[in-house]
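Each structure below appears as structure tokens.
Heads up, the next two complexes both have chain A, just with different partners, chain B and then chain C.
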Partner chain A sequence: MQTIPADLRDDFVRLLLSVADDKLLLGHRNSDWTGLAPILEEDIAFSALAQDEIAHAQALYGLAASVSHPDARAGADASGDAPAADALAFGRPAAAYLCAAFVEADDGFDWAVALVRRFLCDAFDAARLQRLSGSGFAPLAHLAARLLREERSHLEHASGWLVRLGRGTTESAARMQAALDRLAPAAMTLFEPFDGEDRVASAGLYPGDRATMFRTWRAAVEPVLARAGLTAAFTLDPDPPRGGRRGVHSPAFSAQLDEMCEVFRLAPEAAW
Partner chain B sequence: MTMSRIRDHFPRTDPAAPLASAPMGDLDPYVVFTQLRANGPFLYAGWLEAPDAEMALLLARDHYGRDQVCTAVRVIHRADLESSDGLYTLAMPPPDGTEWLVATQKRPGDIFIEMGRVRAAGPAAAMDAARASVPGAATAHVIWVIPADRAVTTAPDDLIWRTTDQTYRLARGYRRDVREKWTRFRDESALAEYERDDLTEEF
Partner chain C sequence: MSGSANEGVVVDPMIREEDPQRLAEFEAKMARGDLIEADDWMPKAYRDAMLRMAEHHANSEIVGALPEGEWITRAPSLRRKLALTAKVQDEVGHGQMLYRVSQDLGKSRDDMLRDLITGKTKYHNCFNYPVPTWADIAMIQWLIDGAAIMNQKTLADGAYGPYVRTMKRINMEEAFHFRSGEDMVLTLMSGTPLQRGMCQEAFDRWWGPALMFFGPPDKPGAEHLPPMRWRMKTVKNDELRRRFVNRFAPAAIDLGLRIHVVEKDGHGSVIAKRPDERAVRDAATGDWGYTEPDWNEFFRVIRGHGPCNAERLALRRFSYEQGHWVQQAVLGRRAGLPPAA
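The block that comes next holds the complex of A and B.
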């Protein structure tokens, strides 16, 4: 499939935005650690991985822009229409963002929280990109397959720290376990469906279902936690409350968005 | 002014207060080499500290592997390095007949480049074998020899340089108008510096 049927276009764009918004917000949150991470080497790596998330978001916003406005720029590729992608990234009201509550939350500059969140998100993203790589919409399937390779390397990196700190000292293990205890319930917000998810799934644009993806995610997460000596219980809510995936965000989100979009709003048409 | 206002909330502690836990000092030094093109030589990239070789490789991939397009990354523990100038000494010699990697620094200040491999019994013999058979080693300023099986290298299918747009990491990634502004600024700065030096010399 090379074009999206008109009756599925809005749902499909919501699918793309839910992925891109997760990545943009997580990249933004994790870049807060640039220059502040506990060791120089991980400071650089953590920042590079945060940039990757934003690069993934850029590619997905470009695709969303080309699907939303197919005639806006003939010949634009998946990452092609930069101004439209920027407008999607930085030019929407808070309620139009479809990121999960899990990526919005402040990590309180707790390194264990930042690492555990990144690990859980990387595992989720790998499972989601795997699912998207089977999409019936070829441009998305190709893009997802490309991003999946990068996401797997992110997961490998995050898993490396999780195991070493979980198996490190008594203090590092306690900090990682405390972070996991705090984050495990919130991680379930990643699985909240966006409006129209069932329709794009049935149409083969987002093949699979939440329950299967949750099992895939657990199969990736739990062996690493076991190697790290950490424990967590994950329960998927079959009917989760309306949250970030459906535009319902925490009060702090607007302030975060104001900061993130500040430069764009100063000069929306600027070329960099 | 901070880059992000969230940094205003960064938890600060009294620098004079005792540490919550004793410093562990459990990170080891590794030297990193990068291969910039398939089948090309491995070039010295820098050093890093990591808890073990596996983590060193992961960190090296996301640090030195991202400076430019890169096809492979290699890390070597400092204790596995023997240097002809005596700066580094191999901690634990390998069995006789081991294969050694040979990296040479042609002149002081040059980077080390992996130039070949030799088989030898011990680091001194490896150094001699390198001088006899590895191109440029006989006249090199410094030679490093490393037991080949102790170097840890990325697998051929490991992703290092990303598949998404990374041109923002490179000078050519900037739009032409930004690049022209930068060139103009740099030229003006160079001229101002030249004029300042000229005035200093004349007066």
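The block that comes next holds the complex of A and C.
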């Protein structure tokens, strides 16, 4: 499939935005550690992961822009139209962002929280990109396959740290477990469906289903937690309350968006 | 970015205790232009001075990451956000490389990080100024990274092999920062009146610190003092400053910026400014003129009383303390936390 049927277009754009917004917000949060991480070597590595996430978001926004305005730029590739991607990244009201509550929360500059969140997100993103790489829309399938390779290396990196700190000192193990206890319930917000998810799924644009993806995710997460000596119980809510995936965000998210868009909003039409 | 004048080191009494034959060999190597390597014999005073220089430079890289890091979350486009994150990441990488050079000269990284936080060692002065707008980010990458490249290119002609090689590597990345800074300044100056105004105000804030970047006017006979005599430094401060002004004054004017002499308050905000009438090209020498920056302010900031000294150190300390449990877990470090400020 090279074009999206008109009646599925809005649903499909929501799919792309939910992935891109997760990546933008996670990358945004993580990039804030640049220069402040506990060890210089890891500062550099963590910053590279943040940059990957933002670059992934950029590519997905580009694709979303070209799908929403198919005539605007014939032949624009996924990383295509920078102003259109920026307008999606910085120019929407809070309710138009479809990221999960899990990625937008402040990590309180707690390295354990930052790491555990990264790990759970990387595993989720790998499972989601796996699904997307089977999309019937070829440009998305190709992009997802490319991003999946990087995502898997993120997951490997995060897993290594989880085990190292989970099996480090008594203090590091306790901090990692505390972070996991705090984050495990919120991680479930990653699985909240966006409006129209079933429709794009059954049309083959997002093949698979939530329950299967949840199992894939657990199969990736649980062995690493076991190796790290950490424990968590995850339960998927069959009918989750309306949250980030459907544009319902906390007041803190608006404040965060104000910060992220502070300069952009000074002159939204201008080049920066 | 960074690297700066090494403050004077008293040498002669220490050299007098060195083995005269080894000292003569060392001086002969210097004279031939050979590189000194970490395992080579060197006078203690040289090792100490080189360590201080590399450590100061490393500190500058990681403290220099802070003011720009503050703006990563506010960068106005995805491209700029990526570039700024990568730039700050590079600076941390420079710090890491330079700490390694310093470690080989005999001091542990942990000791260096702790001495930085407690104020025992210093970092480059220009990071003690505030960064109130996005245009300041553009200006830092253009003027300060530009100044750093000019300085570091001459440091790459020095005599200490590990430092020289590190400078060469760093300079390639700095050139990239500089080009991105130049692009940001150009974009702002081609933008809306608001963007051009921001850019001019940022230029007013950073022109002075950029002139100060190369250190105070040279002491008489600087070429005989250890930093130059031992080729830790190869070009005098005033000469570097002359080259900088000749490159950047006309470039600023071409971009539509005006060069001002400014007066700042204690927070680093500009409270008065007038055009710098000396900022013209001397037809006879070809050199561009400039008004000397406020050297009293320079020494005040060096002594720890700049607008942001306390803030920068507090953030470094915060980073060190919040990450301490990670260091202990990974490196098995026994070190305690640094004493309270």
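Here is the rule we use: the second predicted complex is superposed on the first by the 268 of 272 C-alpha atoms of A that agree within 3 Å, B and C clash if a C-alpha of one lies under 4 Å from a C-alpha of the other, contacts with A are read in each partner's own complex, and residues count from 1 in each chain.
In the analysis below, a residue touches a chain if its C-beta (ideal position, glycine included) is under 8 Å from a C-beta of that chain, and two chains touch if they have at least 3 such contacts.
Not measured: the values here are computed from a predicted model.
Undergrad: Is the arrangement of chain B and chain C around the shared chain A a clash or a fit after superposition?
TA: Chain B/chain C on chain A - steric clash.
Undergrad: Would you sort A:Ala270 into first (chain B), second (chain C), both or neither based on which partner it touches?
TA: second
Undergrad: Looking at A:Arg164, would you say it contacts chain B, chain C, both, or neither? Reply first, second, both or neither.
TA: It touches chain B and chain C both.
Undergrad: In the overlaid three-chain picture, which partner chain does A:Asp86 touch, first (chain B) or second (chain C), both, or neither?
TA: Touch status of A:Asp86: second partner only.
Undergrad: Touch check for A:Arg14: first (chain B), second (chain C), both, or neither?
TA: Touch status of A:Arg14: no partner.
Undergrad: In the superposed arrangement, does A:Arg128 touch chain B (first), chain C (second), both or neither?
TA: neither
Undergrad: Which chain, chain B or chain C, is in touch with more residues of chain A?
TA: With both complexes superposed on chain A, more residues of chain A are touched by C.
Undergrad: Just chain B (first), just chain C (second), both, or neither: which does A:Ile39 touch?
TA: In the superposition, A:Ile39 contacts both chain B and chain C.
Undergrad: For A:Trp111 in the superposed arrangement: first (chain B), second (chain C), both or neither?
TA: second
Undergrad: Could you tell me if A:Glu259 is touching chain B, chain C, both of them or neither one (first, second, both, neither)?
TA: In the superposition, A:Glu259 contacts both chain B and chain C.
Undergrad: Could you look at A:His56 and tell me whether it touches chain B, chain C, both or neither (first, second, both, neither)?
TA: So A:His56 only meets chain B here.
Undergrad: Name the stretch of chain B, from among 61-69, 151-159 or 187-195, that runs into chain C once the two structures are superposed.
TA: The stretch that clashes with chain C is 187-195.
Undergrad: Which chain A residues come up in both lists, the one for chain B and the one for chain C?
TA: 31-32, 34, 36, 39-42, 44, 48, 55, 58, 109, 164, 169, 171, 259, 271-272
Undergrad: Please name which positions on chain A make contact with chain B in the complex.
TA: Counting only chain A, the residues touching chain B are 31-32, 34, 36, 39-42, 44-45, 48-49, 52, 55-56, 58-59, 79, 106, 108-109, 146-147, 149-150, 152-153, 156-157, 160-161, 164, 169, 171, 259, 271-272.
Undergrad: Note which residues of chain B are touching chain A in the complex, please.
TA: 3-7, 9-11, 20-21, 24, 27, 48-52, 54-55, 58-59, 61-63, 66, 158-159, 162-166, 174-175, 177-178
Undergrad: Under the stated contact criterion, what part of chain C meets chain A in this complex?
TA: On the chain C side, the touching residues are 62, 65-66, 69, 72-82, 85-86, 88-89, 91-93, 95-96, 99, 134, 184, 187-188, 190-192, 194-195, 315, 318-319, 322-331.
Undergrad: Tell me, which parts of chain A touch chain C in their complex?
TA: 28, 31-32, 34-44, 47-48, 50-51, 54-55, 57-58, 61, 82, 85-86, 89-90, 109-111, 164-165, 168-169, 171-172, 175, 259-260, 262-264, 266-267, 270-272
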